[in-house]
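Down below are the structures I want you to see.
Shared between the two complexes below is chain A, which has chain B as its partner in the first and chain C in the second.
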Partner chain A sequence: MKRRALLTGEPAPRPSASLGPDYYTNAVLRTHEGREVRFYDDLMKDKIVAINFIYTWCENTCPLSTANMARVQKALGARVGRDVHMYSFTLKPWQDDVAALKEYAKPYGAGPGWEFLTGDNYDLETIRFRLFRWDHPALDFNLEQHVGMVRIINDRLDRWSMCPTLATTRQVVDAISWVEPTKPLAVRKRENVATQARIDAETRHLHAIVARN
Partner chain B sequence: MKSLMFGALAAASLAAGATAFAADDCDFDISGTWESAPAGADPTVPARYRFGADGLVTTLSRFDVGDRVEWREAAGAVTFFYRLDDPKSPSIIEFLGPDGSTRRGSMEISRYDEGSFTTLDANSDPTRWVRIEAERYFVAFVAQSGEIRTGGPAFAMLIRTDADGRSLFDAFGLYFAQDALIVGTIPAELRRKFMNESRLESDTMLRLELTSAEFERASKVLRTWDRRAREHKMLYEVPYLNNIVFLEQMAQSLNKCGDRIRVKKLGWNVGDEITARYNLPQIPFYYIRSLREMNEPLHLRDADLQKRMGSACAGNCRAPARVSELGRHDLPSRRP
Partner chain C sequence: MSKSLDDLERGEITRRAALQLGAAAGAAGMLLSGKAEAQQYPEPPDPPPQPTPCPTRPANSPPTRPFVQQLPMPLPPIPRAFLSPTPAVGPNLNAGEAPRAAHQRWNEFLPRVLYDVRARPAMHRFHPDLPETYIWGFDGRVPGPTFLSWYDFPALVRIHNDLPVDHVGFGINEITVHLHNGHTASESDGFASDFYGPGLWKDFHYPNVLAGYDQYPPKGDPREAMHTLWYHDHRHSFTSPNSYRGLAGMYLLFDDKDTGNEYDPRPSALRLPGGYGLFDIPLILADKLFCADGQLFSNNPGGVPLGDKFTVNGAIQPYFRVFRRKYRFRLLNTGPTRTYSVALSNGAPLKVIATDGNLLQSAIDTPSIQINVAERFDFVIDFSTVPTGTKLYLTNNQAQFVGNAPEPQPIPGLPIENILMRFDVVGNPPLPDNSRVPSVLCEYPPVNLAEVARTRTWDFDLVSGQFLINNQVFDPDTSLADIRTGTTEKWILRNKLPLAGWVHPVHIHFEEFRVLSRNGAPPVPLESGRKDVIRLNGNDEIELFMRFRDFRGKYMIHCHNMNHEDNFMLVRWTIGDSFPA
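On to the complex of A and B.
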């Protein structure tokens, strides 16, 4: 940290801690709108992302998960596509082409900032293992095991979090907030002073009550 | 054979469905050359037929050319047409005259897999048709138990012997190079060390002859993992896990469309006799040993493999048989 930043409490810009395309891969994928994207460069780089896996023929967890993610999208409002990006990847790209994903996304009202993605199975399996691997083949190769979790990543800080897709909307939004950048030191100091003042006031009030009795 | 085809119409029961393998890339494909030895006919003089994708059946005749045997269409050979009730999952094959419309006979298909099918005719015993492959295909699963904490090399090798007897090798798996643990293409030197069967208890090996379809599926698995190794996109950070998953996927690809080869699925739970009992480095050795035990009748001993690899079949290789269909001449020689 530079001396001025130290004295003023302003944070110096941090270098990115991202794992980069070597880890995430730069696989070419297609969105449900038919747009060609690169996984790291276009979807991950410097972003906060919430990623889950679904497939369109799934009748159990996927529709409930996707419905819940739709509620998360609504709760985040205008932040989706600006502060937070939501991605739902297919587990079965050999079944789910662009048209199938578009059809699937429609009833859930997926707006800008929430993409459904398909691509080559080799790439999607690589990405799935990079994000959701349990190091347990019986779980890792059971596709049903991967529809129930949402992985949340702040790429710039390399801060990861995870949450069940069927958790309450509040819990998923909280899990997203855990990866958000820490507030600047000056803001935290102001908040700490205010909080301490509130605690002191409450303590004085309690002491006064005790003294009266 | 002609009489078998045209002489009697099959009184086949349409209700009896053929024993089939699963869907997707396991669909039956009759295109190619098939050999049949109808009941009552001289088994030393089999008949061969080429089924074209265009619906044409051509009778092939045997020609002795020097010390080689060639099967080809003779001048004035009989040609006719065929029709399957469902080309991907057939239960009836119908034969039509050269005009393509006159019905000449039909047979029920009672069973099929990638290398053979069996037809039933009202007037005779079942006839088995065996696919004639242009090349021979083999797979070998090899492992050494090695040190208890590190394990030994464990890999799968695919061998393709062409019509002239030239063999191509592809091997992938785990090996050690100067104490480094590597999952990737097995160096030729190491592969050659495992071409012959060891008598040591610490070594295990399963070698099988494959159909072209089985070989193609196994090659696809091997190519995918080879690409992962080259592109540094392995699924796990633990090399042992990558190798175990690779070996299991190779094995499972073999019987994806049938049960000719028996395969074990690792359970990864407390009840599993391999993954619950052994540490990761040892799992490939015990997995391959269990595959060997399950497929002992199909295992090729050194002499069997060398004989089959060394004999250029010049496009006349019979697809490997099922265990239940192994004749005395097909059975592997006893271990010395």
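On to the complex of A and C.
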């Protein structure tokens, strides 16, 4: 039955649901290693991406955010650059050229698969509006309001998620998992057994009266 | 139905209950052969194909003629004689139940009514001038079925996730359903990170029990009765798109005061206008945006935008024929973000009898009702005060500040703007109006400040584009308040931002609260009742009185503007027996 198959079987390969370069733009950007890239074709197409915004002179949130993203990279291990791609865009390209970004990235140990990007200011602002629009002028036009969020997108599925950069590393990793394709039911049922064990441990701690049942 | 010892050890229902259920099931089983059951509970149709997003975000929805559709009435779900597998205290992982804690106090509140509901995609027509469009609904309906429940009749709702496994685009194919604001154990309360995906299901145990069950045996405190609740998906970070797509419905609770029967002979009965769908009418508000081709706008990114089409019970600007008698309307704002200010076009006051589903001690006449996301207002209109042939309009007069995106405006030239629906007074009722609105509706439990064990403050803020509650974002494993079962607390809500734009309708799960003060002054009459959602304007400071009784586990406090909520503006708190008093 078609409905049952959709619920329990492997999903048949689908054409991409991506919003495409028309939405994301193919603006030409430069990575902190000096590589020239087009935003959609080279950075987004068919990928799972985690994008956040920083600027190198930022003293409040950005160091914490970038440090958290470094921990996320470590937690994801070999997946970064393969399944998941991390990008940190500068909010102030007039200050942050390729050399500045390379300097900034060094102490955080940004490895392959995590790139810092700069480019033309208009292009970056367009991309920022496409990814992080608030519909509120106090937020959209205030650069400081964009340093606290990671935007996570699965391009092929057009599934979008977000996570505060102040969340725990585990939460950012979880939020990235939310945009992945749904796993087969059998796999999820196996994972549920482990989840149940965690729930039982926590509940035992809380409920004095479970025994009454 | 034979139950083995193994079943008992696995924590399945007790022998006594099994016999009770079995008796009913046996009788029903004789009546419903396999084929008959298939007819009674047919398989849902194959799901419609997922839509492609609109090429651009529309400035306006296409035009639709107002008042060409009758107000739809969401039907109640069909109760089941039995569920297979049999509901049990612990989750049935093998059969596909999602992981959950064991149902607390299962043996004290054994389900007497069973339901089986499927969250699934379907096509829905919001208006005859628009094509059918892709939605997600409980049992494929928008709004979802209206549950009719009674106190002391515990219910169990098995909710299946039949959303597409190959889902793309808007929202996510995982759900966790919250009954807002039931006195429910944590494992059935729809905690935001307890979501489950397609092919799985979960049993939600709704004891339909009064708060204060332990304090006031045998049945709890009758002054804590609630009557108008709603349910919706609460999946962390995707609540806004999932609810907007249609995963919401109403849940009514009746007791021996609010009985639903205006002919009820019992002296306790209030005899408010009654008869769901006849004179007891849900008004479920949701604003929607439609693309040029008429499909429901459901594009990423980010939050759900404001809609320019007002739907009531899933229909755009419907009409409703009424007799010249009293009607009870249960107004619900399902959001995801809009606030309404509702009034009648002839200026006649609305007689409010309940706030957030809780009866007021006495009805309050008000010219307009400001209803924030997730609030409910029950009000009575007496149409006998106007002649047959009158048309009255329910209007919305709340401008919504949206910042730089222009507020979607109805197409200029539409004869009527900002109208939610029309009432058509068609004549005298066939039977005399036996309903009444007594001058005293109920009595409240005392607000006894001496009981308060602790005061907690909750600061709602926005820093570097991130919404925060007490400087934190949602973490399911971090509890910002550990509350000992059975205690009473004072909670202070503060909005740290002065900007007029950042209003937060704050919702606290579990018990209802009383407002002690707003900015140092006593609450206005419509905020003096028992409530569970309170609007926090810029710079506001609100003091609340709350109790935490009967159940344990994790619950939430959050802003119910669903776009904010999805930006992690919610936090966990916990009730437990071993926390310090």
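Convention: the second predicted complex is superposed on the first by the 173 of 213 C-alpha atoms of A that agree within 3 Å, B and C clash if a C-alpha of one lies under 4 Å from a C-alpha of the other, contacts with A are read in each partner's own complex, and residues count from 1 in each chain.
In this text, contacts are C-beta pairs under 8 Å (C-beta built on N, C-alpha and C of every residue); 3 or more make two chains touch, one makes a residue touch a chain.
Keep in mind that this is a model prediction, so the values were computed, not measured.
J.: Of chain B and chain C, which one touches more residues of chain A?
T.: C
J.: Touching A:D135, do we find chain B (first), chain C (second), both, or neither?
T.: both
J.: Per the contact definition in the header, classify A:V193: touching chain B only (first), chain C only (second), both, or neither.
T.: After superposing on A, A:V193 lies in contact with chain C but is clear of chain B.
J.: Determine, under the contact definition given at the top, whether A:T126 touches first (chain B), second (chain C), both, or neither.
T.: In the superposition, A:T126 contacts chain B only.
J.: Output check: A:W57 vs chain B and chain C. Expected answer is one of first, second, both, neither. What do you get?
T.: neither
J.: Once the structures are superposed on A, label A:M162 by its partner contacts, choosing first (chain B), second (chain C), both or neither.
T.: The answer is second: A:M162 touches chain C but not chain B.
J.: Of the residues on chain A, which ones does chain B touch that chain C also touches?
T.: Of chain A, residues 133, 135-138, 140-141 contact chain B in one complex and chain C in the other.
J.: Would you mind writing out the residues of chain A in touch with chain B in their complex?
T.: That would be residues 22, 25, 122, 125-126, 129, 133, 135-138, 140-141 of chain A.
J.: If you look only at chain C, which of its residues touch chain A in the complex?
T.: Residues of chain C touching chain A: 11, 43-44, 46-47, 52-53, 89, 91, 93-94, 96, 98-107, 162, 164-169, 172-173, 197-200, 237-238, 300-303, 305, 402-405, 463-466, 473, 475, 499, 501, 552-553, 566-568, 574, 576-578.
J.: In their complex, what parts of chain B are in touch with chain A?
T.: Its residues touching chain A are 224, 227-228, 232-233, 235-238, 241, 244-245, 248, 266-269.
J.: What residues of chain A sit close enough to touch chain C in their complex?
T.: Touching chain C from chain A are residues 1-3, 6-9, 11-12, 14, 17, 19, 60-61, 130-141, 144-149, 151, 157-164, 166-168, 171, 175, 178, 181-182, 185, 188-189, 192-193, 195-196, 199-200, 202-203, 205-210, 212-213.
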